[in-house]
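If you scroll down you'll find the structure; I have some questions about it.
Chain naming follows the written order as A, B, C, D and E, and within any one chain the residues start at number 1.
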């Protein structure tokens, strides 16, 4: 089955070559970071986590969102998702790997990463996060692989896989919860120290993940013979809609609590994000863009007429995804550090080098996802013939179903 | 049973070396035997290759694992069914470096139905690949004992191998990988009924031998059984440059390690381990599938007795005539 | 002969172990302890900073200078990557909760010495995923093991006082004069004030305490009712940085 | 005296666990194993082609009447072959018994007999080689995996080397490319040295040597068959085709396996060829002398293969053709592709093959000058040189069985598929681990497709049949197309046994069906005489009216 | 012999690789080089003996250093009593390097010879200034 990933037409190999080129370019930037240290990033003693950790946080959400197809299918027997579960699981796999890589590239001493296992520290949420992420990776690899290979063999998946699938559902919730605990347990950072952080993370994940999945389905429909079916897409859209509602709701809760109570330590962070603080407006336009997109997305999604039009749904999904990416992937982490414990506002924006390293990690994720999806579609006989073959009047192979 | 034989054979070898060292036979174990072993290995392997080379390859019997080169608009698979030299080199490179054929491995199982299903089975490929690559890197790392000054590429490989900062002295990943993979290779022989059935003593022996070599090596690096490696290098340099010396006071564990390596080297040319050289000479893999394009010469192609047309026509002339078939001679 | 050697090694190893054992178990380490324990209570080292005294010498940075010198703290010259073990901070920044507009100018406009608070309940220790930072049982100092630190900077995020410093780059080129007796750090690890643990072991006081021309820094075992620091805290009003966070800082500021 | 035929339900009870007993124990009870081995070669046939020690004996006998010095003969033969074949020598030395080949053999999958694992089949011979030809074996004997050559070992060779169809599937998976077919071939040559061979190989060889084809059809019989086919084709299509025989000066010599003009369903393929050649106006000739493309010599010995193979080039030279076209056959193409040029070449009296219809140069056979009919037809279809009506094959839902030799010794994979896709609408592939280079043998190749061997054939064919069953159930497939004469002979009983309702057919039968011929009659049928789907309903209505 | 050119080339490559230590030693002429670490003692009276016997130190000094590192950093144990009763401060820079004051002439000699990377120590610990 794995060999499906290394057979393909020119279009496929062209894409893989492109992704490898991205990775290679990013790797050069990473080597530079290894050599010179994290000074090549925009990070500072005040804003000590930035783009890398923000990407990590965002991607944990993408990974966790697989549960939004797994749960309806396996617990509620929602048949329309039968073809989607593996897509979800094989989206979770590269996402978790990217999460781990973003942590590694953020480390000052990446070659000591194994110390987390060698000296397990039960009091550190980071230890638990690593445990839950690797567990989730393991679960998704095993489940996705076993289900797909059984599908290929034309037999029912082995019985022992069922408990794994059931466990994977709460496990998905756990990865994003523990990730929220990384932040929300810090007394030093009032912005994060809120009980709704984990629910907010989950709500945003369950909006962004299904939105991404819908976009992937649209893309795959263009590139392959795969079709998830209208029902599945609409159900995903509904999931994204309500998750987005809850997400926006929770953000508004935060805003109320912060500003009505009027505690300056809490307010400053929101001020920094939405109006700027001490003359620093770096994130202000972004955050308003995010809010605007959220509003647009909600209007489009909540109106059934729009939601059911696939073109509009596509736009809405892009709006959801980008809105949440800005919120989590840009704002969430930096705002926690701004203002600093000393009340200072230190400007942070990722450097080119930092951005390139992120490209490397995204590239590795894309590569893994491409390989895995290639395997899925080849096994299911859903690949489209190469362009050359299309020009040819007679196709060499005829699909077996 | 067969595994036990091999296991005890290796234990006995270890005991032999130990007794020999306590009996102060360091010159034998440190100099004489290594030279014998190196000679046996080098000349043995070369000899075996020459013996193979003595036999011709009378026919071009490529196993074609992909589409042949035929019509211009049918895509030829030049790596699986190569028709050019470059294709053959590519195919061989994939075989030698990445075990291409083993990567294809499947596992058949018979389900009710009856239905035969073919599952993926990449563990042997993975373990084999890990085993051979880590063994190679371990050997390259050991060249630091034989080369002075130590060349850059060895330093580079060493530092990459010890990239993860675990333990002092730093834990080499290939060492762990080697031991894990060789253990897997043993376990599959022990536990999978069919593999167990086909395994011979000579399949277990090298596994245990390599395992013992790796373990003694690890003991010397990571435990208080450590030896003075300056002296070891002195000995190794002496061996390599033919100015042999056996420095005093290297621990017995080193001589056991060296003795087991010597045994492996001597054993190598007379065993299945020759697959190292054989893979390059396997006619089903290293030949082009250009049979109909280019004539292959069989050096012993002797004439044989065929039924010639003339004889044949003589035999059937009457019936042919009757049937109105054209004839050479009326 | 190999065997003989091995035997010897075993013996040597055992000897080491026994001596180790003795020193570990032995009640009082050799050398003279400047911090008399005085009672059975567990030792808890703390520092009191007399802001009044400190204020008197405006512009004095002797403590910073000596500390950074003996600990090979680099001077990166870039506020974003600065590494500081002990330094002076605006009152408002150090005590955001104590600040108000009507505060005496003397206090409001002056700077206070800040350093790692060696909290009794240190958040940095809680979050560290590798136990590279921990609170020493014997005297409560929050220690760091640079050999183990993976540079994840969770502690930086967790510390409410900005006391933790990350080495964004190789610090060595930025150390003017290296003290060979103390290691430098490598790039990619976190570092901070260690209460001069290495000097304490030699029976010396922390360098900052020693050097302060105003004798504004008082150091001692807070669990010893007879100690100087205990006495002074009893007699003077003191505040601590962000006590509301529950970290229980062990640097006391005498108002 | 043939054994009782077991039912599919019996056969499918397969135990793959080999147990703990040491495999070097060689004793085989032939009487008990009836249905799994083949009858001995008849002395008459053996004598005719000069096989050694022709005699009356039977595998079921205790005494095989071996020559007194049989061991010496085998050892000398073994040494001789080690010196002649590098492949053999290397394959004896480098196997590491990794077991990757074990469950790749159709006989092992079908029987569970551990000695049908390719590795162990080779070890039967390898153990003897180790014992007497290697230093380690001479010193350590059985500790080094050596085994003495006893009569029981020899009998075991006979049993298992005639239980291998030389299909080479194992060699695809072997990390060193060890080809058990090579070892089986050597094993069979050695057995032949002491007069141990089977009749299904010996007699066709004798026939072929004498008359030119395995079936022993004499020239006039051959002409009758071809003429009959031409008449048949006229009945079906209303078109009278020419099918010249032994025509001097023809451009192309056309060589087919003899089963094509005698066997069913091969015969429909023959009709297809004749129709196609007529339609494109090809200048070709059959030969009554080279009336056999197949070569059972391949299953006997290299020397015998060469003896039988010579006639093709001889005849091409005599008739003065420009190049040779070969019909649908499996092992025939192994010989033609991998051996003929080396054995009987160089074919410098011919020209590099060029299709007279499309002008395509067949550069891949510029030395051997022989091209495969599928290459030829695929080229015609690609260039739109023939008019095809795919719907004329709508009665068939087709799957394609890659015959072992064209797949694994030739790499002929996409050409047949191209032709099938060009002539029919419903084509379905079997599961991917059972097609192309991983294709499964019919279980009856390499000269062991006999009735007395029925049980083993059904076992060996089971993996193939199982894959057909898969597409039969999933896609309602009802035709198994193939391009091998042995397949066409042995797959029908295999299908009948495992997957009734699936027919077997030649690719060129499908081509013949789809071919719209100039001047064909209105009510033409397919080559089996069945009305085309669609026209058939019209016919039925007529019937109803009557 | 058949395919002689290819096979002989292959065998030659094998032979050269297998005997490369010999050719390399001929090329560099360094085969009999042996490191001669020099001990340049700083003026530290009374410390003319090493903390452990030479044999042990030659093979296992990293064990000792690792042990010291852990006990000093993690347990605050800074005293070491040698087998012959001397007491030392556990410190690479302040104890070891007092006697072995010349890293290039002492540590590096063997470390270079054996290609053992010691950057893990010296990227933080400060090597003494070499005055000679």
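Worth pointing out:
Following the convention adopted for this analysis, contacts are C-beta pairs under 8 Å (C-beta built on N, C-alpha and C of every residue); 3 or more make two chains touch, one makes a residue touch a chain.
Since we're looking at a predicted model, the values are computed, not measured.
Common neighbours of chain B and chain C, by the contact definition above: A, E.
No other two chains have as many C-beta pairs in contact as B-D.
At the far end from chain D, in terms of centres built from Cα atoms, lies C.
When chain centres are taken as C-alpha averages, the shortest distance to the whole-protein C-alpha average belongs to B.
Per-chain CA centroids place chain B at a distance of 36 Å from chain E.
Centre-to-centre, using mean CA coordinates, chain A is 55 Å away from chain D.
The distance from the centre of chain A to the centre of chain C, each centre being the mean of the chain's C-alpha atoms, comes to 40 Å. Our note on geometry: chain D versus chain E, Cα centroid distance of 68 Å, whole angstroms.
The set of chain B residues touching two or more other chains comprises 53-57, 73, 104, 115, 118, 165, 224, 249, 281. Within chain C, the positions touching two or more other chains are listed as 5, 9, 186. Residue positions of chain D touching 2 or more other chains: 86, 414, 418, 431, 470. Those residues of chain C that touch chain A in the complex are listed here as 79-83, 89-90, 92-94, 96, 123, 125-132, 148-154, 156-162, 165-170, 186-190, 245-247.
The part of chain A that touches chain C in the complex is made up of residues 36-39, 41, 43-46, 48-49, 103, 106-110, 112-113, 115-116, 118-119, 121, 123-127, 130, 182, 185-189, 265, 336-337, 340-344, 346. Residues of chain D that touch chain B in their complex: 12, 14, 16-19, 23, 50, 82-91, 93-100, 102-104, 109, 114, 117, 119-120, 123, 134-136, 143-145, 168, 171-179, 182, 209-212, 218-220, 223-224, 245-248, 288-289, 302-303, 306-308, 310-311, 314-315, 318, 337-339, 341-343, 345-346, 360, 362-368, 370-371, 375, 378-379, 382, 407-415, 418, 431, 433-434, 437-438, 462-463, 466-467, 469-470.
Of all the residues in chain E, the ones that touch chain B in their complex are 1-4, 7, 10-11, 14-15, 18-22, 24-26, 28, 30-35, 55, 58-60, 62-63, 65-66, 110, 112-117, 120. Here chain C touches chain E in the complex through residues 5, 8-9, 12, 15-16, 19-20, 22-24, 29-30, 72, 136, 138, 143, 145-147, 178-186, 197, 201, going by the rule given at the top.
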